[in-house]
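Below you'll find a set of structures to go through.
Next, two complexes with chain A in common: one pairs it with chain B, the other with chain C.
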Partner chain A sequence: MKSETTERILLWAGALAMAVFCLTPFLYMFAVSLSARPDQIGAGGFTPANYATVLGTPSLHFLDYLRNSLIVSALSAIITVLIASLAAYAITRLEMKGKAVVLFFVLAVSMFPQVSLIGYLFKLMSDLGLINTYAALVAPYVAWILPLSLWILVSYFDQIPRELDRAAIVDGCSPAQVLYKVILPVALPGVLSTALLSFIFAFNEFIFALILTTDYSARTIPVGIAMFQGLHGEIPWGNIMAASAITTAPIMLLTAVFQRHIIQGLTRGAVKG
Partner chain B sequence: MNISLKSLKKDFTSARGKFTVLDSVDLEIKEGEFFVLLGPSGCGKSTLLNLLAGLEKPSSGEISFGGTLMAGPGKFTGPRGRNVAMVFQSYALYPHLTVFGNIAFPLNIAKVPKPEIKERVEKAAAMLGITALLGSKPGELSGGERQRVAIARAVVRRPDVLLFDEPLSNLDAQLRLATRVELKKLQRELGITSIYVTHDQVEAMTLGDRVAVLKDGKLQQLDTPMGLYERPANRFVAQFIGFPPMNLMDCTLTEEAGAMAAGIGGVRLVPLKKPGLKTGPASIGIRPSDIEVSREPVPGSVPVRIDLAEPLGRDILLSFSLAGTEVSALTGDAGLTEGREAHARLIPEKVHVFI
Partner chain C sequence: MAGRGEVVTGGREAYFFIAPLLLFVFAFIVFPIAGTFFSSFFSDVTFMGKKFIFLSNYTHAFSDPGFRQAFGFTLTFIAVAVPLELFIGTAFAVILDQELPLRGLWRACVLIPWAIPSAVSARIWQLIYNYGYGLANFIAVHSGLADGPVNWTGTASGSFIALLAADVWKTAPFVALIVLAGLQAVPSDLKAQARVDRATSFQVFRLVTLPLLKPVLTVALLFRTIDTLRIFDVIYVLTGGGPGGSTTSVSLYAYNYFAGGDFGYGSAVSMLLFMVSFGLSWLYVRLAGFGEAA
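What follows is the complex of A and B.
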């Protein structure tokens, strides 16, 4: 009885501490974004003025940044998942020499520090004439997130019993049909988590976006917000916080929509359970 | 569809090197037959089924369906060209589809028109008594129900050949018995050539029109169930078929005045009437039910001391040492208790001799 109570108290205290630690910056962000005077929360009352400014001032280009971010992130996520699922299917299902080497090599490549590539990437994109286009961001994002996506999908595909593939083949599926009619739907939770992860990565990415874009026609939100400046060079905290708050919305929305699929058990009922 | 296998061989290359899983298997399976492949686990049964389904390519040898070469030198037809259906040990249902979706899957792949799919799925479901489950997902079903769905998915295509890979081994004993009976009826009704793999000799005996016994990738014997029981070709088949297993004894064949007999260490056990036997070392086999144990000596009996008496219900399984070899025998005499002296006689007509 006594130890049970202690356990509960510890559990709740732990959960509370975590929640406070993680959520305080967010609460602070919302509080500042709604304050009339950002340097003194609450003084002067609360107002949605910052949101109106961010959304309503064309010269801030916030909506352009948001659109760029959504398009670049969605493209990166879709392309990454497409490539990664084909690769994971090949690695887990097809007869192929040196699978382990491929996986190891992919992991090794993903260890390169991002900064070390920047200079070369800038030169490459300049030469290709792609600076300040979506392609300049999507291509490196896909390359950058692919190793992790591949590893996640390989582990998901690996859990799907091989008898399921063989059943599909005997039922008349071609290898491509096995992938999109059986493997992908069965591994849907893994595919969606991978897509979400890729999306979030691309959405948050800063350095590539900073170097490879020059203005609002391709610049993404993290860079855009960082470049918010007042007329006289002061930092417009209220606007920054409002923009950040709006930016969290798509991510939260996506997570909320997909969480049911992501949590869902992977191969429930495929085999004797 | 009749199936013919000629010198079928399958090698696998693994880290430990090349090893032969199936070695020169020759089989003729008749149209409409319920054919059982029986063998201990790891003997290559699933590999043989995979070869028949077209999931694996033979290393050498030929497979023909109804006279058409499916796999052989320079020729290989994949699963799509063979019209075979398979039921797997783990059921292998598609977890993201409903029962209807699972049964309809092969028809959808074959682009059968929707109304026909509906009709055929419903008919197959009715045949297996799973109509009420059509809207459920496999995860909500019991093992027995899943197995029915798997069987429905196999028969809905009207395949030329049905392949079963130990389909009952994940069910509990009672359900296994009931499903076994239904499976046999279903196969009779449909008349589809079926090949059924199992390691359970009772399943093999009850289901098969003919049974092929496989060991280490080699065909040991091919016969009807009763043929296997009555005329086992070798020691392995003798001990694998029948319960309690057949007794095997190493003994010496001797000849006295033109009559052959088997004995162990000077003890004369049983006269042998089979023609063409030579004197020398051999094994004899006799089923526990073919040893008569009595309280008083009878002509040809050997005195024994009963070590163990295990009641099996109607019969009692006795264990004792016969001329130094442990043997078991069945008796109905409840008076033959542990520790008693008794007399055992091998019925000469029932003795099998293995050289």
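What follows is the complex of A and C.
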């Protein structure tokens, strides 16, 4: 009995330490973003001034970066899920040689260091006149996120009973119809969590965006925040933290609401069962 | 998983369904790698023309002190960071596996550092390590751990520790999720039996759970090693590779050459990184495919 109480106390202490470790940087970010000066947190009360500056100063381009990120990530996520659904359907349902080869080939590909692609991609996009456009980012993002999406979707599609397909085929459906009339609706939660993960991966991508964009017309938020310069030369920490807060708050909310789906998707992609 | 119970037999539909995936992966990953490999045999600096020099970029790399430093830093960082990530990640997983009220909320806490762009969280860490008023020095000085403020990003050892904390903070959650999935697969009657045999919780963990987690931990170890090998974002933002190149990773070293217009040498350095990474990925795929082959 006594050791059980001790264990309970240890568990709670561990859980609290874990939460402090994970959340302190964010609490600090919010505190600095709401203070007039980064060296005096909360001195003279909290103020939304940094948020007003970041949102209301067009020359900082924060809203441009945010818009670019949202468009690029959404396009990448949608295209990735479409393409990965087709492939996952073929792998789980159709007769084809070399399925395992495809699966493990894309798994290996997803582990390549991104830096070994950027020289070629930079030249390719320059030759195509696409540097600093959404297309220059979306195309490599889709390729980069496809392996993970494929693995997650294969594990979801694989759980759908084959009897459903057979019934649809007996009713005269073609493979494409089976996919969008039967598989996709049944696997909808899996498809949505794949889309959400793909969005997060595209939203967080850094090195492609760093080398393939040159200014606010296509630059995404991670690069924008990494390069954020003040209006007057010094590092404007309050503004940077406000920009970071505006960027991270929606992701934190999404993560909290969809944590079960995200965890399920991630663990299926990594240690598939 | 894949392979059993094909529904449609015959026909060539499958190849049409899989073609877009292969098209993207080849056009934007496989060809770029091949292109980089090709470039690595040339002297190719912007405005200076292209010249075939065969292996000279590679022989240069082996005697280049900058490359050796970057390679050494990357390996040292892996050796320190990955075990720490595994340890902290496993501890988190054990906590998350317990019966706590508001389970989802604790899980979300752990998930959030993973979900935020590294470039953004690296900026928060940069402020935390600010010499004059950052949180790290505030804690260090007020708790009496340090006599005065620590120059985190101005010294090689300070920068290393700063990067270590920022990286472990970001990646331990991922390990936690993988290990958690592994923990949930451990049969609970096995643990209950050990309990009946009067084992303490720690003994149950060490003698029953940990051995069963070995495959999951191996996958996590390899995955984290491969991922840390290509570390870039957090270093680029937090230390810029400094001071004096002491925290420059191989990825950052290659990037600096690309950004400076030297595509030949940048390609050779990134191909060397690719080759190490490819070897490890092959090992990972072999291990991940273990259950598949059965």
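Everything that follows uses one rule, which is that the second predicted complex is superposed on the first by the 231 of 273 C-alpha atoms of A that agree within 3 Å, B and C clash if a C-alpha of one lies under 4 Å from a C-alpha of the other, contacts with A are read in each partner's own complex, and residues count from 1 in each chain.
Following the convention adopted for this analysis, contacts are C-beta pairs under 8 Å (C-beta built on N, C-alpha and C of every residue); 3 or more make two chains touch, one makes a residue touch a chain.
Everything numeric in this text was worked out from a predicted model, so none of it was measured.
Of the two partners chain B and chain C, more residues of chain A are touched by C.
Of the two partner chains, chain B is the only one touched by A:Q177; chain C is not.
Of the two partner chains, chain B is the only one that A:V186 touches; chain C does not reach it.
Of the two partner chains, chain B and chain C are each touched by A:R166.
Shared contact residues of chain A, touching chain B in one structure and chain C in the other: 166, 169, 267, 270-273. Interface residues of chain A facing chain C in the complex, by the touch rule stated above, are 3, 7, 11, 14-15, 18-19, 21-26, 28-29, 32, 38-40, 83-84, 86-87, 89-96, 99-100, 102-104, 106-109, 111-124, 139-140, 142-144, 146-147, 150, 154-155, 158, 162, 165-166, 169, 175, 178, 200, 203-204, 206-207, 210-211, 221-223, 225-226, 228, 237, 240-241, 244, 247-248, 251-252, 254-256, 259-260, 262-263, 266-267, 270-273.
Those residues of chain A that touch chain B in the complex are listed here as 161, 163-164, 166-174, 177, 181-182, 185-186, 188, 265, 267-273. Within the complex formed with chain A, the residues of chain C that make contact are 1-3, 5-11, 13-15, 17-18, 20-22, 24-25, 27-33, 35-36, 39, 91-92, 95, 98, 100, 104-113, 115-125, 127-128, 130, 132-133, 135, 169, 173-174, 177-178, 180-182, 185, 200-201, 216, 219, 223, 226-227, 229-230, 232-233, 236-237, 250-251, 254-255, 258-259, 263, 266-267, 270-271, 273-274, 277-278, 280-282, 284-285, 288-289, 292.
Partner chain A is touched in their complex by these residues of chain B: 50, 53-55, 78-80, 84-86, 88-96, 105-106, 109-110, 137-141, 143, 146, 153, 157, 170.
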